[in-house]
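What follows are several structures.
There are two complexes below, and they share subunit A, which is joined by subunit B in the first and by subunit C in the second.
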Partner chain A sequence: MSKQSKGSDKGHTDGHGHEHDPLEEGAALRVRALEEIVVAKGLVDPEALDSIVEYYERETGPRNGAAVVARAWSDPEFKNWLLQDGTAAINSMGFRGVQGEHIRVIENTDETHNVVVCTLCSCYPWPVLGLAPAWYKSPAYRSRVVREPRVVLEEFGFELPRGTQVRVWDSTAEVRYLILPVRPANTGDLSVEELAQLVTRNGMIGTAAV
Partner chain B sequence: MNPLEQHRDALDLARATLPVRSENEPLFRTPWHARIFALIVALVKNNQLPWKSFQQRLVATLKQHQSADVQLTAEEIDLQYFDCWLIAAEETLLEAGFVETSDVARQIHEIRESVAQTRADQLSG
Partner chain C sequence: MDGIHDMGGKQGFGRIAVEEDYIFRSAWQRRAFALVEALAWSTPYNTDQHRHAVECVPPADYLRLDYFENWIVASEMLLKEAGLVDQSELDDGRKHFDVDQKSHAPVGVHEIVDATKAGADLRFPEDTQSARFAVGQSVLVSHTQAAGHTRVPRYLRGKTGRIVSDEGVFQFADAVVAGRGPDPQHCYTVVFSAQDLWGEEAQVGDSLCADLWEAYLEPA
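And then the complex of A and B:
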């Protein structure tokens, strides 16, 4: 299917009249060529590529992580499991990574606030947070949050109480971190679903309180 | 069917089902970002490639191309990041013996020819 037929095949004229045909960009052309070679060798199935893209577009994302956090806030047993074996507890909710990565969950407390970075590239807990936002991939965040975490957090509009310590966790290909934020005050009567709505992506990276 | 177009359809379908996102950044800014991302993920998933071997190349490539001193917009960060991703992906595929430099050049040439031919046919038809 992804084999490009040659000659006067009129079956794929769609899109070729566009002003910005992606095939005229060097990178798009290159990617197309790489994909066709790898597919022709039977190493990957083109439909598997489509389903991967669709999966990341639709099924992963911070809402998965928010569901995990809300459950931990409401279910002490689950929370213990999550903190002891994040990978297994998260898998039990149906969120799995493709790279066999481990997810370690770190709990924020009034004494210690935690923030995650990947200083080398952008290792990130995909199954629970989706794909990393641009700022997480920026060289500025990656280098500065380690050196001056408080300043960086302030730039996110997040001012930590003076007495709270900050710990920075550096993700690797093997271990990804998810932050379990402190449950906000006066949320005792909220359902798990309502709690999940309070949780933001940045809260689970540590660049916001919740 | 043109795989790029097919992919775009899939993206549109997927996007349509997405809830309104508080973060206004798109997941992939161009179709090829999604494509090269998925290609590496698929190879890892099929156990054709250890994630680590790709990741180490990505790290090295980012190191070469990025500077913490330059202020970039979110879009620029993404574009640069996926440029690095593509370089690392191609190096990984070459190293694994899945592709050869001459294959890539030939395939690009064939795609170009086929696109040119299709356009010529459209104009004459």
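And then the complex of A and C:
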């Protein structure tokens, strides 16, 4: 590996260092063992394993959520529908499926900024955001964002506008949450596609402004 | 259960690794995710049962192991409980006995993608259960700590909030995992003041919302 670890003596966060991580090696073996046993027993079709991950990578992800947000910014009628019945409005755009059966969209305003977490596990609206990033599932995010959301947002490099209140949404039951960010200023002449380019995954979780 | 998984408000976990923006970092994580999803069809276990099995991973392991390894440990537990796999097989990575394929048929490629795309509606018709609480009403979150699976975070127990919406009638995760059937009931979004939860360290006006099944709530 060409990367010499200057100032980074802990290999865990280095995406290229995993082959040398003994914990991961153990986990890889464990997964392979279980896979071989359940395939041998006929409990799982090995082809189905590939198709599941391909499905999530092909059909889900934050670009879906960004399309929803951009449309809401451009079409007041759609926005009303989205805020009233997020699931139906999102389904109408072809985004649906596991962990997206009951989606509620929460609108950020100048008065209130919203941020989403699942303190008990890692609930996340898969059809519109894809599978959750590692930090969203981490003990640090799950423990801290409910208690000190303002400090957490700072760690994400997000400066909350003065006078804005924070509301945290803990996904404790079956509803999954998508944040509708405030539309950035001076974007009046952008097309829906161009607007979608501005929207980030973190903006739709609430750990970024947009 | 009052487990390690119930992380809201715990302290000491340090800064958030915001740069860890990946979904999968290794091929085995990808495989682990797919395996857990695929096994849910043939085993069968549902999401609530798998979640509870993750909660039952011993606390030291839960914190030490990778997120997806915990998923695999949980699936191993459920497979052992169902008598489909035993520990000796897991120890040497080899099949030692056959299972009845008729009652545990593997799910095919197309079925699994179709089912994933369809999802599972966990709601029941609104009129099947009357609502005990109304929007605007103050409610107290029960102090009772269920020993099994529950979706009340510890930091909300004994706190008073206000109902902001009635999300409708849903199957009740606690009952599903306890083997008591769906026990459908209303689930409400309840708002709490941040200062009521965390004291004066929280800012006035900040708030937190959580979705709570009716069984967790009492009139305040």
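Assume the second predicted complex is superposed on the first by the 156 of 210 C-alpha atoms of A that agree within 3 Å, B and C clash if a C-alpha of one lies under 4 Å from a C-alpha of the other, contacts with A are read in each partner's own complex, and residues count from 1 in each chain.
Just so it is clear, contacts are C-beta pairs under 8 Å (C-beta built on N, C-alpha and C of every residue); 3 or more make two chains touch, one makes a residue touch a chain.
Predicted model, so just to flag it, every value in this text is computed and none were measured.
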Partner chain in contact with A:Arg147 - subunit B first, subunit C second, else both or neither: second
Which superposed partner A:Val168 touches (first subunit B, second subunit C, both, neither): second
Contacts of A:Gly130 with subunit B and subunit C, given as first, second, both or neither: both
First, second, both or neither for A:Ser122, with subunit B first and subunit C second: both
Touching partner for A:Ala48 - first (subunit B), second (subunit C), both, neither: both
First, second, both or neither for A:Pro139, with subunit B first and subunit C second: both
Which superposed partner A:Glu36 touches (first subunit B, second subunit C, both, neither): both
Partner chain(s) touched by A:Arg63 [first = subunit B, second = subunit C, both, neither]: first
Subunit B versus subunit C as contact partner of A:Ala27, first or second or both or neither: both
Subunit C-contacting residues of subunit A that also contact subunit B: 13, 15, 23, 27-38, 41, 43-45, 48-50, 52-53, 98-101, 120-122, 130-131, 133-135, 137-140, 142-144, 173
Of all residues in subunit A, those that touch subunit C in their complex: 13, 15, 18, 23-24, 27-38, 40-45, 47-53, 55, 59, 96-102, 104, 117, 119-122, 130-135, 137-144, 146-150, 152, 155-157, 165-175, 207
Subunit A partner contacts - residues on subunit B that touch it in the complex: 1-8, 10-11, 13-15, 17-19, 21-23, 25, 27-28, 30-32, 34-39, 41-46, 48, 51-52, 55, 58-59, 62, 66-68, 70-72, 74-75, 77-78, 81, 83, 86, 89-90, 93, 98-99, 103-104, 107-108, 110-115, 117-119, 121-122, 125
Of all residues in subunit A, those that touch subunit B in their complex: 1-2, 4-17, 21-23, 25, 27-38, 41, 43-46, 48-50, 52-54, 56-58, 61-63, 98-101, 120-123, 130-131, 133-135, 137-140, 142-144, 173, 200-201
Contacting residues of subunit C [partner subunit A, same complex]: 5-11, 13-23, 25-28, 30-35, 37-39, 42-43, 51, 54, 63-69, 72, 75-76, 79, 84-85, 89-90, 92-95, 98-99, 101, 104-109, 112-113, 115-123, 151-153, 155, 167, 170, 173, 187, 189, 191, 194, 197-198, 201-203, 205-213
